[in-house]
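This is the structure I want to talk about, given as structure tokens.
In this document, chain identifiers A, B and C correspond to the written order of the chains, with residue numbering beginning at 1 in each.
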Amino acid sequence: MNKNLINISELSKNDIDELIAFAEQFFDGDGGCKRENIFPDKTIANVFFEPSTRTKLSFEIAAKNLGCQTINFDIKNSSMKKGESVFETIDTVSLMGVDMFIIRSSEPILAELANMMPGVKFINAGEGTESHPTQTLTDFLTIKQTKDTLNNLKIVIVGDLDHSRVARSFLNGISNYEENEIVLTGHPDLCSNFINNDKYHYVENLDDALKDADIVMALRIQHERIQSSTEIDIDEYKALYQVNSERMELAKGDAILMHPGPVNMDIEVSESLYHSDKSVIRDQVSNGVAIRMAVLSRFLS
Amino acid sequence: MNKNLINISELSKNDIDELIAFAEQFFDGDGGCKRENIFPDKTIANVFFEPSTRTKLSFEIAAKNLGCQTINFDIKNSSMKKGESVFETIDTVSLMGVDMFIIRSSEPILAELANMMPGVKFINAGEGTESHPTQTLTDFLTIKQTKDTLNNLKIVIVGDLDHSRVARSFLNGISNYEENEIVLTGHPDLCSNFINNDKYHYVENLDDALKDADIVMALRIQHERIQSSTEIDIDEYKALYQVNSERMELAKGDAILMHPGPVNMDIEVSESLYHSDKSVIRDQVSNGVAIRMAVLSRFLS
Amino acid sequence: MNKNLINISELSKNDIDELIAFAEQFFDGDGGCKRENIFPDKTIANVFFEPSTRTKLSFEIAAKNLGCQTINFDIKNSSMKKGESVFETIDTVSLMGVDMFIIRSSEPILAELANMMPGVKFINAGEGTESHPTQTLTDFLTIKQTKDTLNNLKIVIVGDLDHSRVARSFLNGISNYEENEIVLTGHPDLCSNFINNDKYHYVENLDDALKDADIVMALRIQHERIQSSTEIDIDEYKALYQVNSERMELAKGDAILMHPGPVNMDIEVSESLYHSDKSVIRDQVSNGVAIRMAVLSRFLS
């Protein structure tokens, strides 16, 4: 394995399978993850250029569960105006004794940072609209838990695909597995990069898309990234694209609903479906900690 | 005991006495509290919807003294607009492996949260204008230290009663004890809920109220909560309601002055009285850590 | 030694030499510092009234390397309006069990705080325009590493001297050593306190100043402190006062370039010189952690 985890494509199918199996060993059998004092000499810095609650806390808790020291390093967006200053800031912090940086950024900066700092390890916690490898591993673990395989599945991804690094990273990673049918759907104004595109199978009608699905992955409408020129009527959106209990009946009887969170409740997913047995959204949160423990362990070793 | 501590009324007199006695065991004999590595496997999250320095740090230090992992989770007030979103945020964080939430909120949300999340423990760090149980336990410990009893005392509470959860929580808790005379006093515009009210003994004149008091508890004027229509003349306020050394002579010779902090110095309390032997305000701060260690220990066990 | 470290002048030459030698023992031989669990019972609070990334992180990492508990205590500038309120805030936090305060402040407050609180330890992390003792010790360690002595050196300090506590603290500390030639240089509008002043040897022309230098210490232009009436033309500044590889040739062959960071890259220092062998700027960062470990250890003991 590379010293860094920047893109899911850097992992072989074997790497992915091993990380998932490794993550499962961290569960404590009680819904949580074990505490182990494996890396008391390692310091990990969370450097988030975008706001994040879930991913940041998930990495912080994973690092603490492994006995690492953690540093939360808040950089205002302003210090990103010059590429050099980000490099120098990270380089300086690394010189103080930080072993690994967990970075979230709206701009793609990780590959360049990793290249400029060969002695420092970088883990991508969400970058641009393309890459979010630990979310993808979390999603794969969740599918594995319920379907016992990552092959031969019909997977429907619905929602704001244009702004979704979760979706792009998933599509990238799932290509390692076989015989899956991937169907993309969602409001055409939020899926413009996936319509009329040879690489993807886009279906405009959600009900058509859901038929016989094993996995339904709903995405968050990223209001903060949607340009004001794209006006989505919320009532129309809900009528056409909300995943609810009724629509979920179109999928297979044992189909599961996933969502990376946070959910715009009763918009992209109905509240009753969110709380139903079909939803594994809350399991994804717990699985995220286990996956990050596995990733940190492997890349610190 | 309940799994949560939301209101002082949930504790029996026996619970309160036990928590106070338990807290005293954490003192290191040198003005501070002992460090004990009792709960290395527990993670505690501080979730403060209102700004707080003292209570937040006090809980954080208490948790660290007990060997817990601590997470500071900052939520902007904006995320409280929908009750559901607070629930989902806390639920999500709990799924990452947080055992207990310490919550401060201007709105009463704890009972509902605790009800919705039966598997998670909640401790109230100040909620609305009604409830602040760990402050009340701290006040009781401070009284016990100096008076050796919580019975047969004349207790005068003076100041901004209308906005004070400290006062309401204290009044609630002290009703467990016997033969106390509780006198409320303060500027009428700041005590409107306590005047002409059968439940309370309000005296407008501070000097009259202070006569033969054992305990004088001054409250902070909460400028940030006072509506602009209520204009208090500061000079008049000080002339009529400042607790100073001269006025303190009206109380018993061994009377003590308490205040939950932070003090508006030389407004509600004179600086010379603050620094005098009669003031136990600084003891309340140290006692707060011991009480929170006792509360965390009992409710984590 | 004093219980506090507020000014470099409080340390004897012997104290300084011992702290430098002590700091060197913390290096792990691999570019970083050792982790030692020496002070698990000590709690250190970082109280920064000014923004700081490097110094704050450096102290936090040093404290954690020594096994201390650390508290980051953010005070907005607003709470400094009254001297008393800073005192009461720090006093209150100390009562919760904080053993040592690391303080950065734009106003000189440390001497008064230390005087008012004889039972609490204070370490200056940069105060006003005068004092920054741990930076000076870091600079001395860096010189010692490369020159093996703090005597008989020609040291040129160039840049925004007027606003530099780094420079004043260095000048103060270096007076303990012998036979050094100290030359100050920089744009006259940024050196007004050092021109026509009997105490200092100021030379307006940078090239003249650099001749045969052993040490070149460039300073950061502190734009945030420069009054708008002082307009510095950046192109002119670079032409006259940028330290670059060509100019560095005027110094001795083994001269080193220092800078406290962060560098205004390609303004006060050229990027190619920053990355050259002559630059020890990145070593200063690592040395800063070792020095702070030494200072914390000595003053906690």
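Just so it is clear, a residue touches a chain if its C-beta (ideal position, glycine included) is under 8 Å from a C-beta of that chain, and two chains touch if they have at least 3 such contacts.
Which protein is which chain? UniProt says A, B, C = Aspartate carbamoyltransferase.
Given the structure is predicted, the values throughout are model-derived calculations rather than measurements.
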Each chain counted as touching subunit A and subunit B at once: C
Chain copies touching (subunit B, subunit C) - same or different residues, decided at half shared: different
Gap in Å, rounded to a whole number, between the CA centres of subunit C and subunit B: 42
Contacts with 2+ other chains: residues of subunit C: none
Residues on subunit A engaged by subunit B in the complex (per definition of touch): 31-33, 35, 53-54, 57-58, 60-61, 64-65, 261-263, 265, 271, 282, 285-286, 288-289
Touching residues on subunit B, where the partner in the complex is subunit A: 40-41, 43, 69, 71, 73, 82, 84-85, 88-89, 91-93, 95-98
